[in-house]
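Heads up, the next two complexes both have chain A, just with different partners, chain B and then chain C.
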Partner chain A sequence: MAQYRKERLDRPIKARCEDIFALTSMREILYLIFPRALLIVGVLIFPLLKGVVGLYWEKVLVITCVIGLLSLSWDLMAQVGLISLGQAFFFGVGAYITGILNHKFSLPPFVTIPLGTIGGGIVSTLFLLPALRARGVYFSILTLIIPLLLSRLIEATKIFGGTEGLSGLTPFQNFWIETYLPIFALLVCLFGFRRLINSDYGLIVQGVRDNDRIVMSIGINIYKIKAHILFISSLVGAFAGSFITHYYRFVGLPAFALDYSILPLACAILGGPGSFAGALVGSFILVPLSEVLRVLGSLRVVFYSLILAVCILSLPEGIFHYIQRKYHQFERIVEI
Partner chain B sequence: MWGNVLVYGVINSATFILLTLGFSIVFGISRIANFAYGAFYLSAGYLTWVFLTKANLPLFLALPLTILIMGVLGFMGYWVMIYRIRGNTLSEVIATFALGVGILEFFRWMGFVTYEFSLPFLKKGTIEIVGIPLDYQRLLIVLIAGGLLAFLYFYTHHTRIGRAFRAIAQNERTAISLGINSDFIGALSFSLGTAVTAIAAVTVLPLGIITINIGYEVLLTAMAVGIIGGLESIIGIVIASFILGFAQVLAAIYIAPHWSIVVILASILGVLLVRPSGIFGKYKELEERV
Partner chain C sequence: MANVILKVANLCKYFGGVVGIEEVSFELKEGELLGIIGPNGAGKTTLINLITGFVKADKGKVIFKGRDITNLPPWKIAQLGIVRTFQLVKPFYRLPAYKNLVVALCSPRVKTFRGGKYGKRDETALNLLEDVGFERDSAVPYKQASDLPHGYLKRLELARCLALRPEVLILDELFSGMSIAELGSTLPIIKRFKEEGKGVIMVEHRLKELFEVADRVIVLNFGKIIAEGTTYEILENEDVRSAYLGAEEEEAINA
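Coming up: the complex of A and B.
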């Protein structure tokens, strides 16, 4: 009996596009640009359609971008082998710094957001710096428990508004700024991270993840590399937090809530870790879906967890890698 | 005053030991960090509650049944989930975390949040120790924690399965070459861990009402103790439990009750700064791995 197997081959156009030849043909240029342009044009045009899609979905887009930023920062940390279970930590620190600056010193958003981003990045990096020396699950454990402990600390000592939080913060007052700011941040992070990880520095980063001892033996300080990546990630996370503080005009204990940890994680895993674009694909699927499912209440979190568990067990490569494969390769059945 | 500190410090420490053992056994033997630990703990509590109030089983039947069922569930859970992803830290962490959060939030959605959810004391009444009235349940916590530690020591040193546990923990490849089935032992360790978790749940939960947040809190406690003592070391766990237990009682008595959380946070950060692998941890830091 004849046996068959599936064979996978690169499309000719992909092979040609890896060369300088790509620049001489419109078709090849289109092949390279199309996926990127689809994303960029899509997110840039969406706010202009607010009359058609309604203000509600514009808000969903903003939330999607914020969760997308968090899941990009998760993915960057996963690149260096640091598996975080608490993006809410970066988010919450950024949110609280911004909120306090605005509430206590009445600084305007264009001052508090940069300060909150940088301050949040520095504070959370310093907090987690001792944990970088530990390997394996210890970092995950710490990132999981620190936001929970911090929220309990705020609850118990009633600092920073306690359980009430700080409300009545300055809003953006301009629809275009508050919508385009997270969109641009998302695009900059996505393409910036992809460029970073493909550079020589990015190779070292991936080396630390795959085999840290070899990287050490070359004479590179892996803790420094890990700290750099941690700092960049926490900057992005803190920016998401500071933005949402002014967007909601409120900062409180929900900033440290588990939702902000598990949703970005689910997005990154669903989309496929390791490519950044996957994290984005995941968040553009999951966040709107979770807005639709808002009626379910706390069952939503069960739903994220279910997606997360199913994806990690049976679909570990993620959606993005699947799409990418279909785009670049074709399959055929051949006889063995 | 000092009697108070002593008695409640010991009880608090014994509670910490109980709450951490289930997590530590699994991690120590098969290197799986079980982030679904809090969910298992709470599941055992609710299972007992269902047996007692819905099925009207007597207490002496409901408790062993819960512990047995949790052990079997742990065994099955290993084959359904962990078996497929064993060895890949990223997948292990995320899968168990997702399972844990999923179970806990499902309980919340089911509405397991009112005051009626509480377990009865194993033995009612109080006793006086050095002039401090103490209920039997709190005394039982200390006895059960001590008993479990003794049992675990005996089990891992004097039975075939227990020695296989230690073999897998020390060097998995050598153990396999000696004919020990690593996956079977892994599943058994998971089962033992869940059973111990169930014992902890039926012992500690009667002290208050069962709420969803207890699930997260237990995970938090187990991990804090584990980080301070060294996750895989039972001696480390015992010492860390005593440090944290007494520090928390002292802070609660001499400063203010809410300071106990500050104590935990501060001790975690302190230990990490001085000795990242915990007081008795061996495997955590890069340089310490052989």
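Coming up: the complex of A and C.
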């Protein structure tokens, strides 16, 4: 009579290290590809279901992607040990550069968005370069202050439209472009960042976070590494701002609002920092959740905050890391 | 007569009003192993931090091969070839042992002796680990650094320095916490390195092992050099004895 025992699905493919896999069959490849494919196919198909889910939820998807981008950019900075409380700074600078270019010079979106992204990246990086010397919480406070300072400056000096902002900007005029652009950007960032952080360069980046004295002692300028990562992060944040400017056809003080600093951080913490996928999972939970809770009327924020608090307390490692662990613990019955 | 490779002249460092290092001068020659000893708080680690640029000097000069390197940033000094270990081992705990070395092999200095190329880092890292006694065909080099025993971590520190092929190797209490067997396999590595004509500075509390390899020893106390000489001269020195053991006569009188 045949005997059976349980075996973990990941058992045969783990080789020596936690993250080196030896794949020998199609089934094992599928096992690893499935979660990634689920995400990619899911977000790519969603806009095609416009007729079923309605335009409202398509807009929610776009906003989710934008917050997801900010969340990824926060997570990347956290990888080098820079804990930012001011993702709104990158977002706002990108948004304003794009808005001004479109408003003053009537440039079309396919010109203003790349310019706003690169310009926003350069401006915010230069602005924060002196702050890179500050460590830990001191850096965080600096990033928190800067967007608040800029929004007050615009309010007081009435430059760039002051409190009114700049409105009537050029729309995308095409549903497919305005929906797929943030989706593609999100997927490129997610897989790009994961690749970057697993490369040898990524090891240095994590090294700066874990023990910067060692990294200095082997002859690597840690401020250069921090500046590189800051630049990449601010590019992504500025892109999100540039995109939203044309999506809303408006840029104003809300671009520097605290929401764009705190929400991406909450998403990354809820999903689980350090994996990028966690940041994505977080934003795909928090943003739609906030929309679902609208039925509760004025108690929306109360329930929203409660759910957030319970999740963070019960799953401190982050939702993504929890799911990942459970996924690798799946068992199958094998014949002995 | 061997050339002077590293020269420290009148180096001073004060922390507020407290003396860290005061008027310290010495020379290190090619192929020489210089030991630095002294009681706790004598300023040994501060001296190393000053030479490697982790702490800025208030006065004095550090000359490496005729070039003034005083107060250069740490990474510049490391790129020139002065490489150090840390007293408290804090490797990248989340990474496997060999990946810890891969980080070191990303240093710009590695490119200079590899003809502008970095080569295969994983392979080089495994070779370096084998040199310091990580069993090649076992799982040890692939273990997470957080799972390794202290002795292995100490040797990982040494391997990280050797990966950069330094001109001057500075070891800050490398031997503390190592077993006799581990010491036995580590001492020849340091001797071999020295015989290649490179300089070594060793701060050490394990005097027996230090005196076995040291050519010359400096004794620090309260930030100043109180004795300098061969191991035999140091052992006979009265000041050194009183610094380590306390001046017996005076205490007897006061009591």
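Things worth noting here:
Here, the second predicted complex is superposed on the first by the 282 of 336 C-alpha atoms of A that agree within 3 Å, B and C clash if a C-alpha of one lies under 4 Å from a C-alpha of the other, contacts with A are read in each partner's own complex, and residues count from 1 in each chain.
Following the convention adopted for this analysis, a contact is a pair of C-beta atoms (placed from the backbone, for glycine too) under 8 Å apart; a residue touches a chain by one contact, two chains touch by 3 or more.
Model, not experiment: these values are computed from the prediction.
When the two complexes are overlaid on their common chain A, residue A:D75 makes contact with neither chain B nor chain C.
By the touch criterion stated above, A:L313 is placed in contact with chain B alone, chain C being left untouched. Contact comparison for chain A: of chain B and chain C, B touches the greater number of residues. Of the two partner chains placed by superposition, A:E178 touches none, neither chain B nor chain C. Once chain A of one complex is fitted onto chain A of the other, the partner contacts of A:S305 are limited to chain B, with no touch recorded for chain C.
Counting contacts by the rule stated earlier, residues 213, 216 of chain A appear in both its interface with chain B and its interface with chain C. Contact residues of chain A toward chain C in the complex are 16-18, 200-201, 203-204, 206-207, 210-211, 213-222. Considering their complex, residues 33, 35, 81, 84-85, 89-95, 97-99, 101-102, 105-106, 108-109, 216, 219-220, 223-224, 226-227, 231, 258-259, 261-262, 264-265, 268-269, 272-273, 276-277, 283-286 of chain B touch chain A. Residues 78, 83, 85, 127, 130-131, 133-138, 140-142, 144-146, 148-150, 152-153, 156-157, 212-213, 216, 258, 262, 265-266, 269, 273, 297-299, 301-302, 304-306, 308-309, 312-313, 316 of chain A are the ones that touch chain B when the two sit in their complex.
Those residues of chain C whose C-beta lies close enough to touch chain A in the complex are 52, 54, 73-76, 78-79, 83-84, 86, 90-96, 99, 102-104, 106-109, 121, 139, 142, 144, 160, 163-164.
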